[in-house]
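One structure is given here, and the rest of the page talks about it.
Going in written order, the chains are labelled A, B and C, and every chain counts its residues from 1.
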Amino acid sequence: MAKESKCSCSVLLCCTEYETSRTLIVRNKTVGVTNRLIQAIIIGYVIGYVCVVQKAYQDTDSVISSVTTKVKGFAKTNSSDLGLRVWDTADYIIPPQEENSFFVLTNMIVTPNQMQTRCPEVRAADALRIQTGKCVDYSDAVKTCEVFAWCPLEKDTDLPEPAMLTDAETFTVLIKNNIRFPKFHFSKRNILPDVTSSYLKSCTFHRITDPHCPIFQLKDIVSEADEDFQDLAIRGGVIGILINWDCDLDLSHKKCIPKYSFSRLDNKNPENSAAPGFNFRFAKYFSVDGVETRTLVKAYGIRFDVIVFGKVNAVSDWVLLTFTSKRHFYSQQKSTYLDEMDDTSEVGLCLVHFLLPWIPVIVSHVRSQKS
Amino acid sequence: MAKESKCSCSVLLCCTEYETSRTLIVRNKTVGVTNRLIQAIIIGYVIGYVCVVQKAYQDTDSVISSVTTKVKGFAKTNSSDLGLRVWDTADYIIPPQEENSFFVLTNMIVTPNQMQTRCPEVRAADALRIQTGKCVDYSDAVKTCEVFAWCPLEKDTDLPEPAMLTDAETFTVLIKNNIRFPKFHFSKRNILPDVTSSYLKSCTFHRITDPHCPIFQLKDIVSEADEDFQDLAIRGGVIGILINWDCDLDLSHKKCIPKYSFSRLDNKNPENSAAPGFNFRFAKYFSVDGVETRTLVKAYGIRFDVIVFGKVNAVSDWVLLTFTSKRHFYSQQKSTYLDEMDDTSEVGLCLVHFLLPWIPVIVSHVRSQKS
Amino acid sequence: MAKESKCSCSVLLCCTEYETSRTLIVRNKTVGVTNRLIQAIIIGYVIGYVCVVQKAYQDTDSVISSVTTKVKGFAKTNSSDLGLRVWDTADYIIPPQEENSFFVLTNMIVTPNQMQTRCPEVRAADALRIQTGKCVDYSDAVKTCEVFAWCPLEKDTDLPEPAMLTDAETFTVLIKNNIRFPKFHFSKRNILPDVTSSYLKSCTFHRITDPHCPIFQLKDIVSEADEDFQDLAIRGGVIGILINWDCDLDLSHKKCIPKYSFSRLDNKNPENSAAPGFNFRFAKYFSVDGVETRTLVKAYGIRFDVIVFGKVNAVSDWVLLTFTSKRHFYSQQKSTYLDEMDDTSEVGLCLVHFLLPWIPVIVSHVRSQKS
């Protein structure tokens, strides 16, 4: 490498002279070939690994997502408490609308006609409720504390098995997911452009035959998550519907398609667990002869969490962008469904970018040739 | 560049001798100037691009956000089914509270007084419901299958046009957004410190005149998203309220202000779509003479998703921090509203950091001067 | 550094000869020691800072999280409006189920038996409601405009102090949080494997004595956030339950444990604020003699947002992975609770990786020895 001259005398001198090392040229096949081989490995590392595999010249952006879901289906139950009854979306989706999630009721313990009054505690040990201080007959054999509560109290020991809404496995859900990567002004939705409306009316997602259908049967989702629907329906659980949008925008935008996967998010049968499964309580309030009455429901069911994730990679370095043909990509507001573009020019530019620090070495080489 | 001596003899010798290349000094204006020019370009690249543009010495952190919303406004409807009726927040926000989202009811199909019984299917083809097996008169002309369901069935073909709650465009929403960047112990809210309480009582967001007012008229939000409110109100949709907190904490914290943008998140008029717009069904349950009755509502409306994103950049490299005056930044729990600080020292330190690998070159140069 | 020969003549020649600079060896203790010292600093920087402190060879992944919450507890109120009344989960959790959040009712203004009719406006100035155009007696002294509304109107001026559900501070919440880092196929939950079921039945989180118990008393959460529960309960607020999963998967997986922290997310007593605290309105609808009636509740309370964040770091560079013993880490679907592994080999490999660009220097050195 060239050495700079003693610049102490003047700035002018510093800029008009240069220094180069004196070299020896040695002819030796073994050392010469080894020398070039090592240089080839280094260049190969930069091209092959940094530029092609790691795509170190690309910038990434995280996804902004919007999810809407629509569950369809009817279930029939016939219990001694409720009699013959049908259940539709308004009955079994609780709450009726959530942002990235929906809960499907599959099993329940219903306690109808509760009123605010006094009644005997169900279990003697359950001392959390508000006690009146009296000791009363729970049954002929058992005496328990009297409590002030919504009476009669819920008996949550006898959970129906099989689950009440066994038909829930036939329900279908339409998931509409729109995503955008704001940094790259790129947006897309999970209903792909080549899918027709008539197809959407009849299709059901299947990993092999219908991988782009956005309508899923609940049973399929649960079995893709390696669970048995009827088993899960009894005590409930949380199932994740994962939509992965890992895209390389430098490739064709047509190749940017969502990948669905499903997995159980709560623990199935852990050795240590508090309140296994998934349940919550809600009440429907009535006014019976001016007295507030409620029907308490301990609702067991499956909460489906739609989790959208993914990262988009694309060239964003302005040095590279200046030279690429993709500048229009940034100038237009929404670039959707662009066609294939060649990747070769980009790898070339990556090289320029990463070889920049080597310029002094190259320059000194050129100079040494002249001297 | 200096070559290291043959260290094979002893470690002591290795540390007491050094090797330098023998150089030639050539006086030539063209080559000398070119030499210095190339060196200037490389230094300029490091200073200008790596340090100033890319701010490669900064660390980033993602936002943790909390959003609360409060919708205000009254609407009046006058339909043949419901008669004259007013709607307030408790009627049209469903569910009443969500974390980062709120739904405003704008249109609906109401089916009152449904009970669990038998009735003729509305459309002959709709075979999903639970059929009794009988074929009954739907009207004088049409016979359909009898179903066991919540009867009478919903007739979802005649959607009101214009939408029922046309007044919804006058509703306002107060959005309170608190953010924090835990890595930098930085927190801020969208109600900026220089905004007064009296201003908040009367202001409405306007991109030009009131860009910091956190109260938005629904019509303005929808029109900023390039949609027509009354058009959108008929079938519903999803509107994103995007709050962007991209901040550079090395600049003044006063400059860290949220940028609002609005866009429709579902597809407006796609060629291929299942269930366009946004709607869901919910029911209000009553007890009429001991028989469970419900009012089914197919609710069309606008779901507003408040999406908070952004990254904060700040110096975090401990090498740099040791030398900067911003060490107190980490020692205090909450740094809010700090004043302007100079950026010059940081760029200088970035240089030190990035020029570190060049030290051998510089050192060998210095030594070559001596020899 | 070696200079490449003039390759213009032929490729063959280019590969069989090499060029090296002619060097001088100078024996001088001061310069020799300085030389080695500088080299030691640079190598120390790479090993100590880049490899050990920054762990630049590691890849990161963001968390995918699932949260379920279950609040338990009973409250008793005794007000002139409602009389003696107990409140259970179904009464005070609104809505009954949310994804990452739960709202606990602590205070309220109840307006029972509202019907759609005409009544005098409460405040003369409140002109947002739908006015009939008449001026009527609000009281003996005051005349206000008549409005068409849910009547009687809510009087939201007299908020109960202390809050109605003072008992809410004794409520407990079980938080179950399952996380996964999809890139590394790593999943874990906040109920740690060494926690027993019997412990879970009786424990309550305490930062010092019970840091791994997933059951939290609401009062403790609020006081950890530096707030007074009874004070907060009056006007409501938003409390963040932050679960931090910053893990280094190259260390023992047992060390990957969640850190809980709590903080108030809305502003406590800001100088400028619109609608301080947290409240919303909802209604319970009844049918009284065929006339729709509702009980309007202005609900004040605490919204607890469970915010899960964290990044996992682990070796992911395939070059490094090829050489590490952790390849099985990627081949198995779920790696949970792996035991301690040594970190030494990784730092060694980091060195290889980061010293790769130095190979030309080392090679030229070796060659210069030979010549």
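One rule holds for everything that comes next: contacts are C-beta pairs under 8 Å (C-beta built on N, C-alpha and C of every residue); 3 or more make two chains touch, one makes a residue touch a chain.
Listed by chain with UniProt protein names: A, B, C = P2X purinoceptor.
Only a predicted model underlies this, so the values are computations on that prediction, with no experimental measurement involved.
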Angle of the C-alpha superposing rotation, chain A to chain C, to the nearest 5 degrees: 120
Classification of the chain A:chain B interface as same or different, half of numbers criterion: different
Computed distance of Cα centres, chain B from chain A, in Å: 16
Residues of chain C whose C-beta touches two or more other chains: 1, 21-22, 95, 98-99, 286
Chain B residues touching chain A - in the complex, by the definition given at the top: 1, 21-29, 31-33, 35-36, 38-39, 42, 45, 49, 53, 94-95, 98-101, 103, 116, 128-130, 148-150, 238, 240, 242, 244, 265-267, 270-275, 278, 280-283, 285-287, 294, 296, 299, 303, 305, 307, 309, 361, 364-365, 368-369
Contact footprint of chain C on chain B as seen in their complex: 1-6, 14-22, 62, 64, 66, 68, 70, 72-74, 76, 84-86, 88-91, 93, 95-99, 174, 176, 178, 182, 189, 191, 193, 195-197, 199-201, 214-215, 284, 286, 288, 293, 318-319, 356-357, 359-360, 363, 367, 370-371
